[in-house]
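Okay, got some structures for you below.
Each of the next two complexes has chain A plus one more chain, namely chain B in the first and chain C in the second.
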Partner chain A sequence: MDYETKLVFQVGLLLLPIFVVALRVLAILPSVGLGSSNKDLKSISDITSGTGSSIMVLLGSGGHTGEMMRILSNVDLSSVRRTWVVSSGDSSSLVRAKEFEDKYQQNGKTCKSSEYLTLYRARKVGESLLSSLNSTVRSFVDTVNQLRKLPELPSVLLLNGPGTSVPLAYILFGMKFFGLCNTRIIYIESLARVNKLSLSGLLLLPISDRFIVQWEQLYHKYKRAEYYGILI
Partner chain B sequence: MPTVLITTGATVTFRSLLDYVVSPEFIENLSKFKVSRLKLQYGNEINPTTNEHVSRDYFERLVKQSEIVSKFQLDISTDRKSDTDGSITYSSTKYDFVLEAFPFSMDIDSHIRSADVVISHAGTGSIIDALKLHKKLVVIVNDALMDNHQAEIANEFAKLNYCVSHNVNELFGTEKLINSVRSLLDGSIQLTEFPANKKEIVESIIAEELQKAV
Partner chain C sequence: MSAFPSDYNPIPFDHTYVLYDPNDIISILSVHLSLLPIYVMVFYTSWFLITREIEPVVVVGGHLVGEVLNKIVKRIIKQPRPDFHKEFGSGSFSLGYGMPSAHSQFMGYFAAYFICIVLFKVKHLRRYQRFLGCAFLVVASILVASSRVYLLYHTVQQVVVGVMLGALLGLVYFIATTFARDIGLVDWVLSWPIVNYFYIKDSYFHCYQTFRDEYDTFLRSKSKGSIKKV
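== the complex of A and B ==
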């Protein structure tokens, strides 16, 4: 082999993994997929045979939890398995989730099981940079460990913008990259965001399969955003 | 006899709003406009290390400092069913006025239903709860909060004429709040009806994504 052929092979070998990774990312990246054009309203209980069967809902804290529970108050989740994710120390979100579950139990209908996941909080208010870096790493490792303990990874991840959304969504996106799950990410931006997305929203825009905003201004500003009015 | 409900949020004590409303002047103005019942949700902030109820301590201190109990000859009855929903009632037969104060409620909707005017902090949930029940609403923005998206949403809703909005700092020394309450009560301010939202859409989106997640 002459020098040039060798070089071509070496460069080729070097570029191959990058090419494969890029292809895989393109395959799972929602922004390059085709948008759904279905206009009929569907109900969850009608479609669950032979499809994804579990949902993970993140309850951030105070206002985020309040919006999420209001969004879900008209959604019937009884036919899918539910995992509620709360941050450590956030007992009021846990209470809200249990209240929601109690209503299903009281209805006496047949109902899929549910569980609770408590994640180590990524960053506390007023923390120094170094210790916040430390706790971010800890929260990342903790999240991966907790997810591995679940009997199955969620089919749908529902988020509405607290800081903890970002590591959770990217970890599941990473797992999707390696073919470990096929979690669809639905992000609903907080009603408090009128003209500008939150940092979580900006970071999650590229990897969310559905990205929903609650103000028309945001819908016009971001190409992939969907808008259906106020949802809470 | 109209009822006014004030909600201040659950997580952080809205001190400046409490300062303004737990005062002889505000209560006197209310009773001037024949408001006979003031319901006050004063907050549920609990210090995680000492376990002290920050909001309740602050509220009770204000009651003492403002001397409203002696000024309005209020009788106090406490109903602390549990730590989260214990309410205190201050009632005065002489002035035909009742102040009902509670830290927070799991059933805030029933309090909203009983009110003629709601004065709410600018949290999205709280605003929406009042608008959905088609209540006359005054939103008070807390300027002390770090991220002021609350101002954004309050202004936006005020622009759409769903509510009246004030910054808490512009209340002191003025009668802006009481004037808004009065104008809403006597109908000189007419608000636009809040449209019902399409909640089924969220269930439909979840259903579509479940189908794709095979």
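== the complex of A and C ==
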């Protein structure tokens, strides 16, 4: 084999992994439209349909948690396993989640078990760029470790926009890439966002299977956004 | 007579300079295949000027990235062209080198990007139509690549590397543009006053119309026009 032919194989071997990665991303990317098709689901309460499923709900902080709990108050989650994710040091969100669980216990219905995860916080409000980079990396590592401890990865991830949702969603997307899970990512943009998406929203739009906004302006601006009125 | 300064050292323009044998039909065909990238560029320009769609601009952006990449990779690999064209463009930045073939890379990108379009973006096509579209693109790339080998501008290896690199670029570029459209980057460009002035639009993303849709619209407006109230 002459030098030039060897070169062909070397370049080929170099490009092959990138090619495979690109093809896989293409196959699972929701915006390409090959990813799980779920346009038939019309209301928020439909996300829990199907037995044996589990939902992971991220409770960010103050306002985000409040919104999420109000959205969930209309939904019956008793038939699915629930995993509540809170940021470290956010005891009030944890309390809200436990209150939510207590209601199910009081009703005495047979309901699936629930779990709590506490994640290292990605970016504190007003933190400088450099130190937020550092804490983002730490939050990534921490999140992977926590997810590995779970008995099963969720079939639905419900987010509504705190900074922690970006690493969590991308980690689960990465796991989907390797075929480790088939989590559908559902993102609900905060009610506070009227004309512009939040940074988290912008970053998560391409990998979200469903992207729900609560204002018509946003619905018209972003093609994949869905709008069902104000949800809270 | 010699009015040229001694440092005037012209080189052939990469995609257009083609030497061939006029008595050989395959050679004549190869010339036009070698010029296909140029024809395709002319097509993009017309497409843009007539329809004012942003899509051709997006595609050409990828081609330009490919051309720059090609020049850089040629400089890195430093593989000479076949003996017959060894002196082709010597003294230029990278024309003297032959790996990867710019023509093949162009066609590899072209085929990969438009195969993605045919498979993922144009939803209404039937299975056999998709297959025919993809087959056409693949055959076109193979023919262009072969023409470079036949006209002795490149070796088979140089052409293979060109197609591989181009195909990868097309795939990655397709994903990148999908992201860019998703997060509204293309829409943002469309909102610039200068872009707005020329009524440039992105109906490929927002409201894709098939030829049948357009034809039906035509029929409807035609019949509307023909009814006259007395």
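Rule of thumb we're sticking to: the second predicted complex is superposed on the first by the 203 of 232 C-alpha atoms of A that agree within 3 Å, B and C clash if a C-alpha of one lies under 4 Å from a C-alpha of the other, contacts with A are read in each partner's own complex, and residues count from 1 in each chain.
By definition in this document, contacts are C-beta pairs under 8 Å (C-beta built on N, C-alpha and C of every residue); 3 or more make two chains touch, one makes a residue touch a chain.
Note that the structure is a prediction, hence the values are computed from the model and not measured.
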item: Which superposed partner A:Lys221 touches (first chain B, second chain C, both, neither); value: second
item: First, second, both or neither for A:Glu67, with chain B first and chain C second; value: first
item: Touched partner set for A:Ser92, first chain B, second chain C, both or neither; value: first
item: Of chain B and chain C, the chain that contacts the larger number of chain A residues; value: B
item: Contacts of A:Ala22 with chain B and chain C, given as first, second, both or neither; value: second
item: First (chain B), second (chain C), both or neither touched by A:Leu205; value: second
item: Which of chain B and chain C A:Gln106 touches, first, second, both or neither; value: neither
item: Residue ranges of chain A touching chain C (in the complex, touch as defined); value: 4-5, 7-8, 11-12, 15, 18-19, 22-23, 25-26, 29, 31-34, 202, 205-206, 221-224
item: In the complex with chain B, residue positions of chain A that touch it; value: 36, 38, 40-44, 46-48, 50-53, 55, 61-63, 66-67, 70-77, 80, 89, 92, 99, 155-156, 158, 182-184, 186, 188, 190-195, 209-210, 212, 215, 228-232
item: Chain B residues within the chain A interface of the complex; value: 9-11, 48, 106, 123-125, 128, 149-150, 152-153, 156, 195, 197-214
item: Residues of chain C touching chain A in the complex; value: 77, 79, 99-100, 116, 120, 123, 155, 157-158, 160-161, 164-165, 167-168, 171-172, 174-175, 178-179, 181-184, 187, 205-206
